[in-house]
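Next come two complexes built around chain A: one with chain B, the other with chain C.
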Partner chain A sequence: MIFWLSLLILPYKGAQDPAPGLLRSKRASRRLECARVSPETGSQSYPGQIEMARPRGDYVERSVMICRERLLRPDLRAPQDEAILSDLDAHAVAMASAAEALRPDLGERTWLVETHYPSAQVSAKVAFATKNALVRQGLKVSDRTPVLAVGDVEVITRMDPESAYPVACRRYAETGALGPDQALLAVVSLDPRETILHAGLCDRGTWSWLH
Partner chain B sequence: MAGACAQRAAVWDRRWRSSATGGVVRCMTRLSASVGLLVGLVGGGSGCVHVYQPMSGLHDPVVIDPQQPNFQDVRLTVYCAPGDHLNPEETRMLCRRVGTLFENQGAVVLTYTRNRLQVEQAREEEEAALAASESESEAGVDATGVSRGTDEAPTDLVLELRSRQTHAASDPVSWVLCAGSFTLVPGVTESSFATDVVIRDGTGFLLARDTLEGRLVRYFGVGSWATNRIVDLLWREDEDELTGDAVNQDLSADLYSQLSQLLFNAKMQWQVRQEGLRAAGGSGAAESASDAAATGAATP
Partner chain C sequence: MHATMSAVWNRVRAVARVATRAVPAVPLALALALAFALAAQPAQAATVEEAQLAELERVRAEIGSQVQLSAYDLVDELVLGWLQDPVFQAPTPVVLAGVSVPVGLGTGMQALLENHIAAVLTQNPTTNVQLVHCPECTAVVVHSGPEGTVVSRGVDNPAVLSRLGQDTGRHALFIDVEAEGAWLVLRARITQLTPELPIVWSHTLATSASTPALLRQPTALKSAAEAREEYLDALHDRGPLTIPVRFVIRTYDRPYTEVGIAPPPFLWLQTGVELGSTDARTWTSSLMMGYSFIPQAYQGVMGQVRVSRLITGKVRSLTRPDLYGFFGGAAISVWGPATASFRDEVLTADELIADLEGDGPRTTFGTFQVGLELRVGNRIGLSGFLETIPDLTYSPNMGEYLFIAGVSFQTIGTEVTFCF
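Then we have the complex of A and B:
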């Protein structure tokens, strides 16, 4: 009797479990981002769906695992793009916060944002998110991007990153591409193997790394 | 072991049938057979399917290839603190493997199986004692499991690992069903763990921090084991298999990939910070390079 009962119950118990098993492949399980929370916390996110403990207790220890599926299936985007874009808001806020916190004297400047990333589409998204984050910090932001002459670009692109960014910054100031009332926040991916972004600041021809 | 127990139960079954008949006897026979099978499974350690599920952080995208020399000449110190999830022996093994992982990628690694503060305190005490006795320290391994390098070169990066158990549960309903179904229905036990990773530079500046969370589920019973084994053999692809050593391989692959990626990101942060500190010291080189760029811009 118990055997037949268990055969009836088992598929329903197995289907709810996010771990890989007979009804869920490893790939499907890896698409889920899960967190274990208390029933109280869980019921704030999913009201009415989580059975709470009775006010006087019921001798049952409860915890809730909340899983959400990732927006895009794995391997749809390149791993570096996926890592950057899946955490884009946090990256952008970190860079904008660093700019504001480390250089509070530049609060009245107009900020320009430039992105150095292998993919043009991702660059555009990163630049947009960073500008939004700067605006949220209460800073003035321009959509303009400073441009260098072809000769400058030819020389600078042959340099190693250590000297290329300071030189480009100096040239921006010398050619007037970046005015004295403006500051440039450059968002940079220095190595194709990293999944983070760095931020550099160009202010009146002087380059400094912020993040 | 499980097979032997099942054979023994079958022998008992035949003997009882030959000497006696009746419902009670048959019931007793079946009970003893199931108990024998259960004992066999427990004793043999087989009949269990361990499943690993990455919850958060462990299955984040990884770009780095841990087979490449990603940390050439980086001096790395690894601290692995034992906790409620890993005992000292397991911690030592983890630390050794993590050390090997980064040595294979070109780093010069020093490992400690205690937390950083304890090691620093011990070192300060040792230095104070040495200063008092004015004797030179010798390289080697001390009684507390702290290994010391032969050189006194400062470390570039410090990696701290601490693993803790965040949840453990055993489903009593599943165990009742497991016993009632002669282990055809699995008894389920699960535990969740979190590994805190903190990476600093040699001066203690925080470069990266993350928590990697995962879950291990154990299905006990001949039904679960046999079904998964058959499905592994007939249906699942190699990377989707659940039985055998798959759980260890999957967990190790995820953990070591994430640690490599985190350390590489931290190394880049550290290099940028070093560059920033150097630039703050002087910008003469940038000025001369800028002159070269200006000349290039003037050239048609």
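Then we have the complex of A and C:
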């Protein structure tokens, strides 16, 4: 009887290990996002649930593993979309930071953002996040999208990406779609198998890769 | 709205593909994205069973209902920010130009979010954000001029809006909600509908999937910091000390022999103090005093100590019942005609007569108990326990309900507790 009662109670008494094992499947573990923090940080996030170390110490090294369940189940979205969207804020901040850090001389320009990604829905979200990140950097940002003539598009879409972006940038400047007081930050997914985004800058007809 | 936006963009893309042969200007992003990405994309199996689609829809609906409350929270926090620090100094017409929900979730959530945004803004007019209706702003418009023909939404081409009779200089509000790992992130931006489309304000808010929705009222919005204070107050509500009042019934097992006479059930009223080791009330201990009285039958007093341990989780829940396991001991003193059975020997007629003629039987004994208690909101509790009376282990007047590890449990009890 005691043995069976112990089996019933023990799983609740120990710390719930996020690793796969007897009580947690691999699939369930993959749904968790875990981070190890200090007891003080953990107590700030979860007051009442995590005890802080005593002022004079308690003779043990303690840390807190905080695990949060991912909002969406695995396989609900395409793998590339999932990889990009899971770290969307980090991607956007990285690109905005690169733009500001590598080209501080463009601080007074108005920034336009353009995204090249297979999914239009994800593309819109990437552009949204990047614009917000640029505004957070204190830059002037516009919602305007530069356009090209159909002849330019016919030619550019037949070129490989390494050539196409510089040509498009030059044409933006030549046609006036991108003014001298404006800079274009292009966020690009070059290969559907990669889980990173690239950033390119178009400034007065000159194209350069930033990230 | 999300489906509407997707449909709009699909229409834009479809029109753009057609237009590349007939009109002289299209957004390069669309063309390049289609050309490079689709060309490089490997062929994917497009065969999806109907059952899989149904399962996918079921999962989406389930997740959508969970995410919706968190998204509402983020919208509330956004509007609260506008209340505390308005974007506009005077009431300003704003077009709700776009609301998008996490990729993979359905369109129903988008409509719910739109309605919630409108409801909260309507009930908080001091935000100075006045939502206005502008069908031309969200519709796809085609504009041909000397510089070319451009297909776009109205909000993306303010020059066309002015030709359609809309005031220029209005503002457009875009809101995007996305599931990023365990976080739900809301992004918002306000764009002035002038030819240069400057973004005049933007903000990003995030919450965690494991954070319960705050369920705020739309007319009494609270910041995350204030909500945290409320949560802490709820945790600390009455401090670690509570005063329980407990009604207890103890029953004693019938004896195995024909000659023994079992004690009657005892009804107790107890009160005392209960102390939690922390606000989480993972460990609690209690000291209770009790009194029992049935006219012409018995009276009794008792003192009881008990230590309880929370079994379900590490912290008591504010919303769900908590299960505690406990052990403890008691000293009980009873007297009256019905208490003669608390003896370690068979009752004889002589003893019964002597009890009636004298002061009556009086017994004092110690007990130990183990049990489980279900506590709801730290207010009411229901518990059951097993109790052993070591002094009466071999009493012929009592049987045993359970025998574990050499310990006889002669008593079963139930309790109802009210905490103050």
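One rule holds for everything that comes next: the second predicted complex is superposed on the first by the 182 of 211 C-alpha atoms of A that agree within 3 Å, B and C clash if a C-alpha of one lies under 4 Å from a C-alpha of the other, contacts with A are read in each partner's own complex, and residues count from 1 in each chain.
By our rule, a contact is a pair of C-beta atoms (placed from the backbone, for glycine too) under 8 Å apart; a residue touches a chain by one contact, two chains touch by 3 or more.
Remember, it's a predicted structure, so these values are computed and weren't measured experimentally.
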{"item": "Fit or clash - chain C, chain B, common chain A", "value": "fit"}
{"item": "Partner chain in contact with A:86 - chain B first, chain C second, else both or neither", "value": "both"}
{"item": "Touched partner set for A:144, first chain B, second chain C, both or neither", "value": "second"}
{"item": "First, second, both or neither for A:25, with chain B first and chain C second", "value": "first"}
{"item": "Which of chain B and chain C A:131 touches, first, second, both or neither", "value": "second"}
{"item": "Inter-chain angle, chain B to chain C through the CA centre of chain A, in degrees rounded to a multiple of 10", "value": "90"}
{"item": "Touching partner for A:53 - first (chain B), second (chain C), both, neither", "value": "neither"}
{"item": "First, second, both or neither for A:98, with chain B first and chain C second", "value": "neither"}
{"item": "Partner chain(s) touched by A:209 [first = chain B, second = chain C, both, neither]", "value": "first"}
{"item": "Which superposed partner A:37 touches (first chain B, second chain C, both, neither)", "value": "neither"}
{"item": "Which of chain B and chain C A:154 touches, first, second, both or neither", "value": "both"}
{"item": "Least Cα gap, in Å, left between chain B and chain C after the two complexes are fitted on chain A", "value": "8"}
{"item": "Chain B and chain C footprints on chain A, overlapping residues", "value": "2, 9, 13, 33, 86, 148-149, 151-152, 154, 156, 168, 190-192"}
{"item": "Chain A to chain C touching residues, read off their complex", "value": "1-2, 9, 12-13, 33, 47-49, 51, 68-73, 76-77, 81, 85-89, 110, 114-125, 128-129, 131-132, 135-136, 140-154, 156-158, 161, 164, 168, 172, 189-192"}
{"item": "Residue ranges of chain A in contact with chain B within the complex", "value": "2-3, 5-7, 9-10, 13, 17-22, 25-27, 29-30, 33-36, 61, 63, 79-80, 82-83, 86, 148-149, 151-152, 154-156, 159, 162-163, 166-168, 170-171, 174-175, 190-196, 198, 206-211"}
{"item": "Contacting residues of chain B [partner chain A, same complex]", "value": "51-56, 59-65, 70, 166-167, 169, 174, 176-177, 180-182, 184-185, 190, 192, 213, 215, 217, 219, 227-228, 231, 236, 239-240, 242, 250, 261, 264-265, 268-269, 271-273, 275-276, 279-280, 283, 285-287, 289-290, 292-294, 296-299"}
{"item": "Residues on chain C engaged by chain A in the complex (per definition of touch)", "value": "6, 9-10, 13, 19-21, 23-29, 31-38, 40-42, 56, 59-60, 63, 66-67, 100, 102-104, 148, 150, 152, 156, 174, 176, 178-185, 187, 189, 191, 195-199, 201-204, 206, 208-210, 228, 231-232, 235, 278-280, 311-315, 325, 404-405"}
